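Below you'll find a set of structures to go through.
Shared between the two complexes below is chain A, which pairs with chain B and chain C, respectively.
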Partner chain A sequence: MELEKKVLHSIYFVTFFLFFNLCFITEKIDLVPLIFCLSSIILIAYSNFIIRKFYPRGDKFLFLISVLLCQIGIVMIYRLDIKTKNFEIPRYALKQMTWFTIGITIFMIILFIAPKMIRISRYKYVYIFIALSLLMSTLFIGKEIKGSKNWIVIGAFSFQPSEIAKFFIILYLASALSKQINKRDIIETVVFTFFAIGFLVLEKDLGAALIFFGIYLVMLYIATSDAKYVGLGLLAFSLGGLLSYFIFNHVRIRVQIWLNPWKYKLDKGYQICQSLFAIASGGLFGRGLGLGYPYLIPLAINDFIFSAIAEEFGLIGASALIILYFLLVYRGLRTAIYSKDNFSQLVAVGISSMLAFQVFVVIGGVTKMIPMTGITLPFVSYGGSSMLLNFLSLGVLYKISEGR
Partner chain B sequence: MKDREENIKKVIVFFVLCFLSIITYLIYFNLYTADKIKYDISNQRVIEEEKNTIRGMILDRYGEILAETDKKGERKYPFGSSFGNVTGYISNKFGKAGVEAFYNNILLGREQFLGDFVDVFGSLRQSVLGQKKKGDNVVLTIDSKLQNKIYNSFRNDKGAAVCINPKTGEILAMVSKPSINPNKIDENFNEYSNDNIGKPFLNRAIQEYYPPGSVFKIVTTAAALENIEDIDSYINNCDGILKVGDKIIKDYREEKHGKVDIKNAFKVSCNNTFAKLGLKLGYDVLKNEAEKFLFNKEIYIKDDFAKIKIKPALYEFNERDEFSVGISAIGQHEVKANPMTMALMTCAVANDGKIMQPYILDSIVNYKGNLKYKTKPEKLADAIDLKTAETIKNYMILTVKEGTAKKARNSIPIAAKTGTAENAIGKEAHSWFVAFAPANNPQIVIAVVVENAGAGSGRALDIAKEAISHYLNR
Partner chain C sequence: MVRYVSTALKFIIIAIIYVIIFRIIRLMYIDLKRKGRLKEDMDLALEVLDAPEDINISRGSVYPIRDSITIGRKEDNSIVIEDAYVSNYHAKIILEDDIYIKDLDSTNGTYVNGKRIDRLTKISEGDLIEIGRITFKVI
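Our next item is the complex of A and B:
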């Protein structure tokens, strides 16, 4: 109890400190960040109060780490809104703040209305149907943004179905694998997952494909306790990777850029090179919030927000962020260990590994450790659909942690 | 269930490794890759940063300003063309060259020095108050008065000259003519690069090749003194023309020097004698001796911050028939050199056989004038022993006293060697002159080449003589 309070107070302090810093970036002292800060703190305090009062048995660190990540994200997005000295409204930060609020609301709603986890394990075909139709939909009515055909645009509102599909795939896999399983069941999951990943590769959403695959392997391993499936999976992955390298041009391009981005630094490799410049100029301690040039990175508020953070907060700040993510994943998997039933356990494992793989693929990508794939950093990157999905998953995770 | 708990723990370990690998990779990236890519031209941060930095000044050894940024942010070079090949230029369109390029990081204040962290609060205040960052000043070893003097005495001739302090390796002057005017680089860039005759971008002092002519006899003399046992009693009868196979090596105006020993042959620059000595020594001995004087070696103008390549003098060729070896001993055929390499050769004679590492960066001071770095002189090579150096020095003194460099006689004792480099048929020869002074305690070594100035070293000698008396009487 005491520890939670301390952590909460530290989060308030960090939030205040970061936003306070933002006031002094512009030529004239800007007081808007303080409004952001105040709203954030009120929102966090209020939701924390409700959690403690009505759902005290859950793992509050899950919630606390996530909201801290959100604050870091909003601060960075606000900072990236300030490109010129005479800026007026923090457009994206304002939107992100809205998404954060909606995300917390969804989190609360899940806590209020979600039934006992075990009850929702029956509808596995519903889940896979939803997931596959979401993925398929983009093939027909999807729009190509940033080189991936994985967006659906309805009026002014656009979202990535693959984000939501991830969640349903986890539900499907958990319900399919939580029963007594035989070979046939496993083959069924293989077929469905194969289709899901196939769609993603066709839509050029390679990052999501990689994450789906990772989630599937981890869940299969936990469900069967059989390491041979992991081996088989990795073999299949290597073959699939090799095949798609030769079949799909866009896969080949990604790999070429990864091997030598400098050759393409003015066209195809522009993004990754700019990202590396940012990280390089950050050094150990970073340039300090507002003192670097992170707005030179394309898509700095989305996929490349990690590079922007590395530029201004340095290696130390970037490592701290990675450790925060690890703590979140750790709390998620800990929830899985203590969960009562098979289904909840698999859902918790699925959600935690989704977060872990996503973080690994994004950060690995923007630092050129692995080939780059356009994916958002959970809770930090700008974006509505990912924010909603992350809070949805977090709500479910919290719900599971209550049942221990 | 127990089994699963174990497996989930394994998954946790797996993710720990994943995340650790990212952090490890980032540390590796920061240590090894970051510095290599930081200043890539496609990194716009570099441009943004340069805009927000007041570039440091370039100063000569006495604090005279060679380049500074004025209040409007424009780069000004008070001496213009005479320093064009030294300071180089900076241009948004055409990039950077010379000292501006080699010491760019210092001028932009990017180099970190030990004392800097004391000033952390100063730079923090600067960035908080939005003040421009101030770069460091680069102090060169160049003496601007000497440089200007030499540049002007070239008048309209093409050529180059280098002055070095033989005891330290400091470059006191490095003139190349014609040169560029860095103040007007944007307007004149195309004109400069299209000038195929004047080649103003070519730094003739270190990047051009000329046959060294008789100046090379210093190397041949050293080889003879070190390799021929009875050199003291060696006498040659010079009749002005030496037949080698079906070709002939002539002396200047086919002058007959009669019976001469090596000392007198050096004094009058007798081709006949030195060609014969060269034949006696052979290609390998001459090459070996030339390499002691840093021919064929990779050499640089060097300090801890920059390495500026000098085109090394060359003594290497495949046609090694008697005629070729004979005229190579008098600095013709495939022998090539530039004023910097000939100055370094002369330094060995002036400095008891030792050649010091040439350098142009005297020191770095910050905008407040505090010293940040000072280059320490270093020995580059032991070319010849003290005795050989003394002997050649005496020959060079004699050359001024009563030999080919009589015109260089002065109140200050000068030691010198003249040279005439035959080049393309039908064109006037290049005039060479190497010297040091005062002969007993050398302060300055100078090597001058004037293109197509005719035989007899006249123009080069005049330039060098003026430069020496100007430098020593300041």
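Our next item is the complex of A and C:
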């Protein structure tokens, strides 16, 4: 109990220092970051108080680690705001702060209203229907932003249905695979997942397709404990990858950029080259907040935020971030081990693997380990839909960890 | 100005983040040790000794008792038995310092070692529990 408080206090400290540092990076000393800092700390303290009082049995690390990641994200976005837009108001940081607040609210609401997990395990067709219609909706009314047709724009508000669909796919798979299953059930899940991934490929959202596939394989393996399916899945993956390489132009371009970004460094590969420069110039300890040039990377606030962090906090800071994700995923899987029923177990496994794959795909992408696919770093990247999804999943995970 | 502040703070910030990581890992370690001890104390499970062919439960399945569990035909039970001889909410296993079983006014009753129970009954390793056409063994 005492130690837990110490962790919380250290989180307040690091939040304070991060924002305090932000005050100095413009020409004249700027006090707006301190307002951000204060509201963040109040929000964290208040929600932590509620959790401790009403839901003390859940896994508090899930919450602590996520809010710390969010703070790092908001600071980085604020910092990038300074150079990317006219600096009267930190536009994106303010928005991200709003999303963070909404996310925490959703987390709380889930804790208050969510029924026992087992009760919602029987609506599998409802879940897959919601997931597929979300994915399909972008094909008809979607708008193409940044090369992927996976956005729905309503007025000033735009969101990515594929983010929310991920959550429903996990619920569907968990409810389909938690019962006694035979070959027919497995084929059914294969068909639905195939459709989901197919839509994503058509919308050119390759990162999400990769993550859906990863989640599916992990959940299938956990449910059946049959390594044969993993082998078959990987085979299907290589076949599908090869086919899409020859059929779709955008896949081919991504792979070509990945193989040799320097050849396209002035147009298609500009982003990845800048990202590599940024990471390299960070070195071991980084340049320090405000001293680097991470704003040279296009889209640094969402997909490439990891490179920005690596530039200003160095290898050590970036590794700390990866360790934090590792601990988060570990806590998620631990929740799965101690959960009471198959359904909750599979949901927890699904959510943890979603986080893990997302982190792998982004960090692998920006460091040129795998081809780059546009996807957000959970809790850190700028983005409303992903923030909502992450806090929604976190709420469910916390709920499951409470139940034991 | 920025140069000095940011260079100094960068080390402080990274140091605190690592302190947080270290503390979290330490807490997890303590937690894990406690959990391990708890598990050794009571590591009981229900094994299906005998079950008819035509229902969803197969012989040899093992259900760990990690918490209080309910057995019945309705889907929100911890162990669901799709058998006509089993009531919707048939019996409950309660995990306190010891393990107890309670019949939830089922139609066909719950038997422990061949005797129909009518109140909270303590069970221990080796006991046979009959519910409907299924026989469980506490292992």
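Here is the rule we go by: the second predicted complex is superposed on the first by the 401 of 404 C-alpha atoms of A that agree within 3 Å, B and C clash if a C-alpha of one lies under 4 Å from a C-alpha of the other, contacts with A are read in each partner's own complex, and residues count from 1 in each chain.
What we mean here is this: a contact is a pair of C-beta atoms (placed from the backbone, for glycine too) under 8 Å apart; a residue touches a chain by one contact, two chains touch by 3 or more.
On a predicted model such as this, the values are computed, not experimentally measured, just so you know.
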Checklist line | Which superposed partner A:Tyr221 touches (first chain B, second chain C, both, neither) | finding: first
Next item on the list: Could you tell me if A:Phe17 is touching chain B, chain C, both of them or neither one (first, second, both, neither)?
Entry: second
Margin query: Going by the contact rule set out at the top, does A:Ile51 touch chain B (first), chain C (second), both, or neither?
Written below: neither
Next item on the list: Name the contact category of A:Val349: first (chain B only), second (chain C only), both, or neither.
Entry: first
Check: What is the contact status of A:Ala318 with respect to chain B (first) and chain C (second): first, second, both, or neither?
Finding: first
Margin query: After the superposition on A, what does A:Leu3 contact: first (chain B), second (chain C), both or neither?
Written below: second
Margin query: By the touch definition at the top of the document, which applies to A:Gly364: first (chain B), second (chain C), both, or neither?
Written below: first
Notebook entry, point to check: Is A:Leu291 in contact with chain B, with chain C, with both, or with neither (first, second, both, neither)?
Noted result: both
Next item on the list: Check the residue A:Ala308 against both partner chains and state whether it touches chain B (first), chain C (second), both, or neither.
Entry: neither
Item checked: Touching both chain B and chain C, residues of chain A -> 24, 288, 291, 323, 330
Margin query: Can you tell me which positions in chain B touch chain A when the two form their complex?
Written below: 3-5, 7-9, 11-12, 15-16, 18-19, 21-23, 25-27, 29-30, 33-35, 37-38, 40, 42-45, 48, 127-128, 130
Item checked: chain B-touching residues of chain A, taken from the complex the two chains share -> 24, 27, 218, 221-222, 225, 262, 265-266, 273-274, 276-281, 283-284, 288, 291-293, 296, 310, 315, 318-319, 322-323, 325-326, 329-330, 333, 336-337, 345, 349, 353, 356, 359-360, 363-364, 367, 369
Notebook entry, point to check: Across the complex, what residues on chain A touch chain C?
Noted result: 3-4, 6-7, 10-11, 13-14, 17-18, 20-21, 24-25, 61, 64-65, 68, 116, 118-119, 121-122, 180, 285-291, 312-314, 316-317, 320, 323-324, 327, 330-331, 338, 340-341, 404
Margin query: Using the touch definition from the top, list the residues of chain C that touch chain A in their complex.
Written below: 1-3, 5-7, 9-14, 16-21, 23-28, 30, 56, 66-67, 69, 75-76, 78
